[in-house]
């Protein structure tokens, strides 16, 4: 299913070369001011990367967000927020050579096995362009999270992104299955080309020796001063402890070879094919905003779902 | 929530030192033969580890599975399968010293923040003992998966477990959010002390150079002979390609220090405490069966949910 | 949440006087031919009613469906199908008098209590106009159901609608909570102004005497000839028996008084207000297509979710 | 699936003549005092009916609730509350004659079509005895609701039960699909033999003339004094308005004929069979506590899910 989240939910739609991409945000609290400039700047980070780069794809969509519902007089209504981003500059003929063949490393073959049909143009629904809808959803989540004192930022380290979430109170997350770290892992591995995930202030913190791993308490500390180190990345037993939440996501390199590739045809034979469409040569600068967007969706969902504690529920016996 | 899965679902219950641990398996197909010997052997792997070891906790529960429903004349009925494992040899006085203090590295503090109360005995619901219910659920899932030609095994490498799933047909998983690899990551990070997850035949395969990463097709190959390598671990675009599904899960070391530890008290002060209860010194030999059990639950869920392909749905226009 | 269904899911969005109404259909099988003429005719039934009538609202939106995704070369792709219906002829000034007051019998007061804010224009999200998105979703569901041999029609009887679903095989539905009749009741009561629901060939069949109620078997019968009568309406123990599924839904009359009404103001005082906007005087002719659409969504969802029977799952022991 | 609810969830298990019936309550807030006497009295109402009656089945199970988890020092922990009720006095031989035949009016035939197998003894999972687990779940929900000021009672009127829920604040429920009245209808139609549902202070209120239907405001009123009448039954636009919530559920008569019946055999032939097992001759006195239990589960779920209003979410812009 194309929905992420339980309480603060994003449903995305759209094929890379169809009419539009977009989404529906359901469960966003009422009253959030929608800052169109911020949303446009997040989309720009996705398109052009965090740093100027000549390596990303030259496709230059304006990526303008058209709001269809859920906003009135500049604020969210608490009703579903639908938005669309029109696809432009589609040249389907570019992809005609790919209609009957499956590229190595792509989702062409698995998609065909799953659905029995597909829109082969530019990856169709499996295109990285689908992440534009995630970025809009994540940006709206960030706007709400800001009102709750939560901020998210990230650093690019090779094909790895370190993400830091600050301001999350202790007690967020569920024990057993639906742990905060498990949901973050689920969110990160849902990003195209994501291959690894780990919790911790530093990559590899979990490999420390037993005596050196547990974060020791600071007397009287709380929130970001609770413990002297943050090897666990701010989550214990699946629940936040008030320290910054820190995790690392690794991505495999681009799988489209600009020099062409050997594809599998429907009959199982192989054929050398020279790609013509627009494809990234380096998507790594685009990754941070997508990582942050998915993290924002996870946190917004948990903060909306937050179960009131015993004293808040006014049980008096 | 204490439920894992959408279609083949496991709900677990129980505190470490309460009356019983157990679970309800809902959505298991009817007709599966329940092999009690297999289930007992899986529970033994969880209790004593895959290899003889004197380092695991000396707690010797029999871990006998009592079936409460869902089985008739030795086969599943398609109705909920409830089971309980009684807790024995509980000595609550062992834990009285821990009632008002939060150990470093444990879930004590976060649980208190989440619920405002807790069962402090042996970790309560947050105890690793809860995984016994996962192992029973996973064993039932394995029994069904075997009838579908799917097998799961694992290898322990330090505090890392490599898991291999064979026999999964191409086309299993969902694109976009609910990817097969994302669900595996979610399942793995839900295991107590799990800290990292990565896809791929070998740990670090995703760090290869761009030209060296994509798995190349074998002419005419399919299933386990589809590609020459398996750097992607059998999943492309979130969907299985028929190759073995391979992933690695990393776990942090035990956080209970047998020499005692400095705990945080309810008022924020620190206090040195000597632990008395039963605690693992090395839980790594127990991990493989838990990893396999969660993987079995993920695969059983996806195979039950499998959306019929276009031709199977008999659309004739 | 604004989503209906588990497997074949419709998410709707839009306020009555916002930019657009619309929805996302997620889980529709791939390969369904989209018949735009049929969808337009269903929308016309919703706007003008099943029979010519001068009593329905004179608002004359074209209600054109704009497809945004999920359709390629005239067939569904198996990906989310997003659509929008633009709102036209909005005259917000019509509703300015209603900004601070709550009409009797409407959702104005409860919505304000729920969200703390609302779009007061024409009922906003609570407007009956939202049902246009349900009709599009239901029409797509019908197109798929037709390929499965299932047809749905209905009869208007006062403010009551009788709905008949033919061609549903025996064995559809879940026992215990998620019964087919329970889901139909849930779907029907979700329609604005719906007030009652009952199963059975004839309204009141369930009030028969004990000896006269059970439907007696026809020797060798199956499908629509299974039983001599259909007092149960084709569902036993929550599961279809192959007979036509028949139920009745009752609706309360329109609550907008064309002569004006006494509204409650934000401070609790009362005030006589003359309505200016466009409002139905008789919505009953519009109801059948909405009833059918929701029934189609329920059936499409169950048929997609259908659990394979023991023999189909190839368990061989 | 055998789970009811989203946030306050009850999963039930058990066949009529298996080892035990029971359930898992997940999402109950921590700190609720479990009153075993109250739970026993609710089970007694289910077994013997609200009034002394010699017509109900003579089966005399003690129906003792065994708590397996989730309760510590007399209060709920916020973790899953599992419970079992052992089946006693099972005489499987009573039902041997029913192994290969489908009784008229029962779920035998549909269950076989759905699963391809069944436990034929006493209805198996489809037995009315399954409602014992609902009553325990509902009783726990009532214990929590009482701390929130909500009370539930009901009146029996023929085979119809009128249910009144008092103390629900305005603003509970969701608009569009997941309306409070839709969820109540879903809950009621999930009860064995339930056939109809309607909202309103009096049965048939929705059939009033247009001008006479809308409930008129009382100046300055709120809660139970909001409107002069309660034709809508306390729900407008799917959301509570603070008035008592009132609805009616109708049930068809018992379908087991004490004089025997004509059953359908597996080969489609008919055969007269004299029943031997224990069966109700009049289940109507047992219905009120089941209706109340399901209503309690719906309300507990909504109150736990309650979305905080704009001002509570501290959005300050």
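Every chain is named by a letter (A, B, C and D) in the order it is written, and numbering of its residues begins at 1.
The working rule: a residue touches a chain if its C-beta (ideal position, glycine included) is under 8 Å from a C-beta of that chain, and two chains touch if they have at least 3 such contacts.
This structure is a prediction, so every number in the text was calculated from the model and none was measured.
Novice: Tell me whether chain A and chain C, two copies of the same sequence, contact each other through the same residue numbers or different ones, using over half shared as the line for same.
Specialist: Over half shared, hence same.
Novice: When the CA atoms of chain B are placed over those of chain C, what is the turn angle between 0 and 180 degrees, to the nearest 5?
Specialist: To map chain B onto chain C, rotate by about 180 degrees.
Novice: Would you kindly say which chain has the C-alpha centre located farthest from the C-alpha centre of chain D?
Specialist: For chain D, the chain whose C-alpha mean is farthest off is A.
Novice: Using CA atom averages as chain centres, what separation in Å is found between chain B and chain C?
Specialist: About 41 Å, centre to centre.
Novice: As a quick test, compute the distance in whole Å between the mean CA positions of chain A and chain C.
Specialist: 34
Novice: Using the average of all C-alpha atoms in each chain as its centre, how far is it in Å between chain C and chain D?
Specialist: 25
Novice: Going through chain D residue by residue, note those that touch at least 2 other chains and give them in order.
Specialist: Within chain D, residues 1-3, 12, 27, 30-31, 78-79, 114-117, 125, 175, 307, 309-310 contact more than one other chain.
Novice: What residues of chain C sit close enough to touch chain D in their complex?
Specialist: 1-4, 12, 102, 104-107, 109-111, 113-117, 125-126, 130, 159, 169-179, 181-190, 192, 194-200, 205-211, 213-217, 219-222, 227, 231-232, 235-242, 250-255, 257, 261-264, 268-270, 307, 309-311
Novice: Show which residues of chain D lie in contact with chain B when the two form their complex.
Specialist: Within the complex, chain D contacts chain B at residues 1-3, 9, 11-15, 18-22, 24, 26-27, 30-31, 67-72, 75, 77-82, 84, 114-119, 124-125.
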